[in-house]
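Next come two complexes built around chain A: one with chain B, the other with chain C.
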Partner chain A sequence: MRFSWSLTAGAALAAVVVLCGAPGAQAQYSDNKIKLGILDDFSGPYCTDNCMSPVNAVQIAVDEFGGKINGVQIEVIHGDHQDKPDVGVALAERWYDTEQVDAILDVVYSGVALAVQEVARQRNKAVLYSMAGSDALTGKACAPFSAQWTYDTYQLPNLGEAVPMLGKTWFILSADYAYGKALVAGVTRSVTNAGGTIVGTVFHPFGTADMSSFMLQAQASKAQVIALGDAGPDMTNAIKAANEFGLIASGVKVVPLSMDLSAIAGAGGLQATQGMIMALPWYRDANPPKSEAWAAEFEKRQGSMAPYLMAGLYSAVRTYLLAAQATGTDDPKKIFEWMRGHVVDDAFTGHGVLRADGRMVHDVYLVQVKKPSESTGPRDLANLLAVIPGDKAFRPLDQGGCPTVAAAGK
Partner chain B sequence: MSATALFGQLLLGLINGSFYAMLSLGLAIIFGLLAIVNAAQGAFYMLGAFIAWMLFQYLGIGYWASFVLAPLAVAIIGMILERTLIRRVYNLDHLYGLLLTLGLFQIIQGMFVHWYGTSGQPYDYPDILTGGHNLGFMFLPTYRAWVVVASLIFCFGTWYAIEKTRLGAYLRAATENPTLVRAFGINVPMLVTLAFGGGVALAGLAGVLAAPIYQVNPLMGGNILTTVFAVVVVGGFGSILGAIVTGLALGVLEGFSKVFYPEASNMVIFAVMIVVLMIKPAGLFGRER
Partner chain C sequence: MALEIGELSASAAKTRGIDWLGLAVGIAILVVAPFLIYPVFLIKLLCMALFACAFNLMIGGGGLLSFGHAAFFGGGAYIAAETAKNFGFPFEFALLAGVASATFLGFLFGVIAIRRQGLFFAMITLALAQAVYFLALRLPFTHSEDGIQAVPRGWLFGVVDLKDNFAMYYVTAAIFLAGYLLVARVWKSPFGQVLRAIKDNQPRMISLGYPVDRYKLMNFVLSAALSGLAGSLKAMGLGLATLTDVDFTTSIAVVLMVLLGGMGTLLGPVVGAIISVSMDDYLAGIGIPVPVVIGVIFVVIILVFRRGIVGEVVHYWRKWQARKPATRA
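Right, the complex of A and B next:
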């Protein structure tokens, strides 16, 4: 009797939900669906690991909602911007204008992201960045419904907090292009402010295979810390050379700024990278047990180790969907109000806050790569040295020059 | 910068130069004997490194066996391509050979980018060549010393085989006057195929030598190819000794530029190339034809 009563109550509750929830939802979600568009490099140099990791990261978030919010379908599409801003802009315009895309996601390569930012701003549309790293996206080029979730070029080299732990004399080896120069400026500023000294800076051309000469120069400078401001194969070759020429064995701390633990296998494994220091926006113990569980799910789908860029993308999408669920709308204004008013607590971070300029502020983790003998398995790669609090890791809100923030402050 | 530190840079330059020497030597042989500007040489270098990696990854075959097997496999692939494709353009202008091999390069590189992506694969040092020695002015990794020794042996061995042995004499004669050499009962097409195989095997060998030092990456051949071409132009297209000496010398020059003006280190070789082309268009060791 008792059982059938609860069954009846359940059915009644369901009826109420259907009556009140569903019609309301139909009225609020434009085109009666939530459509997300991943705009990335699906064929060129920024596509790594078969290009599908962003699709898998986003799909995990969508699947957590059962593919639906308040009875409305969540649809995910992806497009290839080929690392060309004009192609990216054309796709973004088509998606927003004629294909009912509610939010554009990820956008690897800042050259495209900065162009897409303008498209989103003109239309008052939502855009969520994880792989795009330019700090201009939350600075001079900020937009009202844009969020940069994972990292930026201010945060990556902002290592002043680590100076007491790593050492006072720094040598910087960086790539001779805008990204490398931004990182050098960041390291120089933060290390000098923290009482350290830059004893040498070298810019190498893009695509330099042999880094041994620079390692000899770094050795001669007697620096305690070497920061690497390059990326991709250049960075890997620099790491290999640092190891080969005995710098790490002699106690020099090597800090590859663009490195992630998921790239260790490709950089020569623990044998070649042991002792390296990294400042990571996320690692698999960032917010246990959620972070570990998410990483396991991602690795099951993708077949390779979870990178922090993908954890950030997942978190951005999950937060967006939570907002769409709670507010019962896909209106960017209401969604962003909700996102800014709620703490992010998921696999990516335990206490993230989305700021008015679009910066998602979260902790950064200073880790050291383990020796091969210390590691218990292919995912056990690093020891945590320190947690850098989000407000120390990211650029303060008032220093970015975001026009909407400045206007609100007056 | 102290004198001892510069001595360290000199040694590093020689190490890098020995890579250039091996790669440009292969190019010089192929051009000197077949009159083909082999733009696919970088792909064979990459193949050498990748085959070594694959032998270890899939079959558990280590460095020393790969040191023999990978160049052999590269030679076989090269000889198949020579027999089926490259042979057809011998009688045409040099430009056709260049375009054909450039296309082959793009296809081979594209296949590996498709299969393995551009993030690179790790390859470990052989156990007995890990570690290094402190020479006082610099720390010399054992493996780098091995690279210099191995490439010098192979470079001068190749030079000796072509310039001083009977087989080398046949080869040189076959390129000067194939009809006459054939009249002596020598299988000239076979000789040419073997010469092509030998030339690309040198690139494959350089790839195996490079695998533990650099990242095994589908794009590694493209990065080094342009530099190697400049080396060959400076040395004189087709000149065996020129390729070896210029490779070492330009490696040293590049090493020094990494100390004094690193931003220009990828350009200094091309600056030299331009000057040489203006003063001595046939290259430092080349003969006017």
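Right, the complex of A and C next:
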């Protein structure tokens, strides 16, 4: 009885396979869908612009494929890790193990990202980072199917040839946590390499509203340049304090390392930020006309200016979906092989390359914020000073300490 | 009177021994649960429940409200994670190291804070816990907000491979049960009675000749050790120890769990932990701001069930019991 059942089932299956014929690749997508999970802070201090910008950025990429790849539905879900690594891990494990999520995306806050990296590694699953900036993700903690797309804590403070343009003596004001310390190490390296000197460093606690005592220390150091190694509201507060104490008016240059052009409005506009120099992973003219068209689409959906973090997220998802389309599978091994073998050419960059350690290498744009009188509109905010080629902007492959890369090199 | 039974669960008041039926039901639930619910989630839940039980021992038993218990929980987690990952300690010794460090911290906190009561006690524990938080932020081995990741679970007694989620779950469940029974035992012991008497009327206990401070310190250290065990177990189970574990929000969360479930009842903290942790995890996926939902639920529960959920059940159960003889007569 059982035998005849299985025989019938087998025959039916064979018939189905024969009937389906050529697009047999369909059977390669596990659970017959491609499911992406955005794991971010949707309620706390790391959520910006009503928290939904990552969802919009990912949706633009999905919509470009019409929501389907080779007839298979693309599904996007999102979850709030509340900046708690244990919540992030529990959610990531549930997504991978029981909810058929193929790739986890973005993961703001490196504490959670590093935890999710371990979850992905244990299960050989894919994870694509844009907002996660810890350079350990492509260094000591690298994983085979993880990619860090937009920036990292090595690249942001890597100002290169801008250092002599800015000045010889530097003061660093930074936030007292791992991210801030990584940026301080980076600035120190890039300034001393260019022949400048660090005359002082001060750390403030995370979430400082009153920056006056720190700004006074910076002022007393008589440094020509003040680098800000904090982020978010802390950085905005520091910029405002620098203005209130007349530092910017007196000719001191302020370099906010984590600044994006989209944050200028919140930091006091061009009046407060004019002359500031930053190394941006992306801006509207990064790869015209694609980059401009994408920025316009994002702004239409989100209602605010497109940040580089979201452009990077879009690009990561788009590349992943292209790979899934081309290889006809959601097997992370095949997808990452494809992604590493193809140049990224989209709204984010014209010639990005995904390296073996998971670092996506692309050009970085050194820009200076315009004077209010030079700006022609709300989107015309900065002048391009120089393009730093990707291989100079990012940490060289052999210096990260990624174990799989080191093993391959031997 | 010192032995006011209103502070005890109904079963504990009736029989001084172990409630065998309740225990059997509890064990059955623990055994079946991982087949119905995701085991890693249950591991986290049991760790938080054990933490809440440890906290309850202090506030329900001794009447001491501490706002610094995250220091023991997180301290234990960091030490267990560090010893397991970088010193190569096996599972059991990593747990022991975590417990030992929390016990030491508890003793230190206790010696400083125990002479004060009420708000002053709470503020001293909060201040000391913030000092521990600062250490966790600054010490190199904790890696600041990145935390200690990829902690290997290792093997239990070198025999059972804990990489398997089910194995890890059952080990966690066994440790949780042992911790719970220990709290229950302390609760019903003469030591526990003295603590409740101190809570009710400290001057009288002093006049009766009890070394009140020593009893309270002992209780505090015991609670800290159990919190450290919960933290170490969480670090091993989830494979990470981070700033969240020592953050004051964790201290607040455990207070809420105990209030939610029912302060001074044995089962209350467990129920509170189940509700609180489930909300944290399951609301994470629905796309509404989690803190708002949790806040509203907490306010409603605390307004409607002022004795906590288990406390309220016990209260009405007892009311009903008291009315029965009256209707018969």
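Keep this in mind: the second predicted complex is superposed on the first by the 379 of 410 C-alpha atoms of A that agree within 3 Å, B and C clash if a C-alpha of one lies under 4 Å from a C-alpha of the other, contacts with A are read in each partner's own complex, and residues count from 1 in each chain.
Just so it is clear, a residue touches a chain if its C-beta (ideal position, glycine included) is under 8 Å from a C-beta of that chain, and two chains touch if they have at least 3 such contacts.
All of these numbers come straight from a predicted model, not from anything done at the bench.
**Q** Following the superposition defined at the top, how do chain B and chain C come out on chain A, clash or fit?
**A** With chain A as the common anchor, chain B and chain C both fit in the superposed model.
**Q** On the A-aligned overlay, A:89 touches which partner chain: chain B = first, chain C = second, or both, or neither?
**A** second
**Q** Applying the touch criterion given at the start, work out whether A:45 contacts chain B, chain C, both or neither, answering first, second, both or neither.
**A** It touches chain B, and chain C stays clear.
**Q** Please indicate which partner A:244 is in contact with in the superposed arrangement: first for chain B, second for chain C, both, or neither.
**A** In the superposition, A:244 touches chain B alone.
**Q** Does the superposition put A:199 against chain B (first), chain C (second), both, or neither?
**A** Touch status of A:199: no partner.
**Q** Touching A:213 in the superposition: chain B (first), chain C (second), both, neither?
**A** After superposing on A, A:213 lies in contact with chain B but is clear of chain C.
**Q** Looking at A:176, would you say it contacts chain B, chain C, both, or neither? Reply first, second, both or neither.
**A** So A:176 meets both chain B and chain C here.
**Q** By the touch definition at the top of the document, which applies to A:386: first (chain B), second (chain C), both, or neither?
**A** neither
**Q** Smallest separation in Å between any Cα of chain B and any Cα of chain C in the superposed model?
**A** 8
**Q** Does any part of chain A touch chain B in one structure and chain C in the other, and if so which residues?
**A** Touching chain B and chain C on chain A: residues 176.
**Q** Taking the touch rule as given, give the residues of chain C at its contact with chain A in the complex, in rising order.
**A** Of all residues in chain C, those touching chain A are 38, 40-41, 44, 137-138, 143-147, 149-150, 234, 238-240, 242-245, 280-281, 283-285, 287, 289-292.
**Q** For the complex, give me every residue of chain B touching chain A.
**A** Residues 1-2, 5, 8-9, 12, 15-16, 117-122, 124, 132, 138-139, 141, 143-144, 210, 213-215, 217, 219-220, 223-224, 255, 258-259, 262-267 of chain B touch chain A in their complex.
**Q** Which of the residues in chain A end up touching chain B in this complex?
**A** So the residues of chain A touching chain B come out as 45, 47-50, 176, 202-205, 207-210, 212-214, 216-217, 219-220, 232-233, 236-237, 240-241, 244-246, 263, 265-269, 271-272.
**Q** Can you list the chain A residues touching chain C in their complex?
**A** Residues in contact with chain C: 42-44, 51, 77-87, 89-91, 93-94, 97-98, 109-111, 114-115, 117-118, 134, 136, 141, 176-179, 181.
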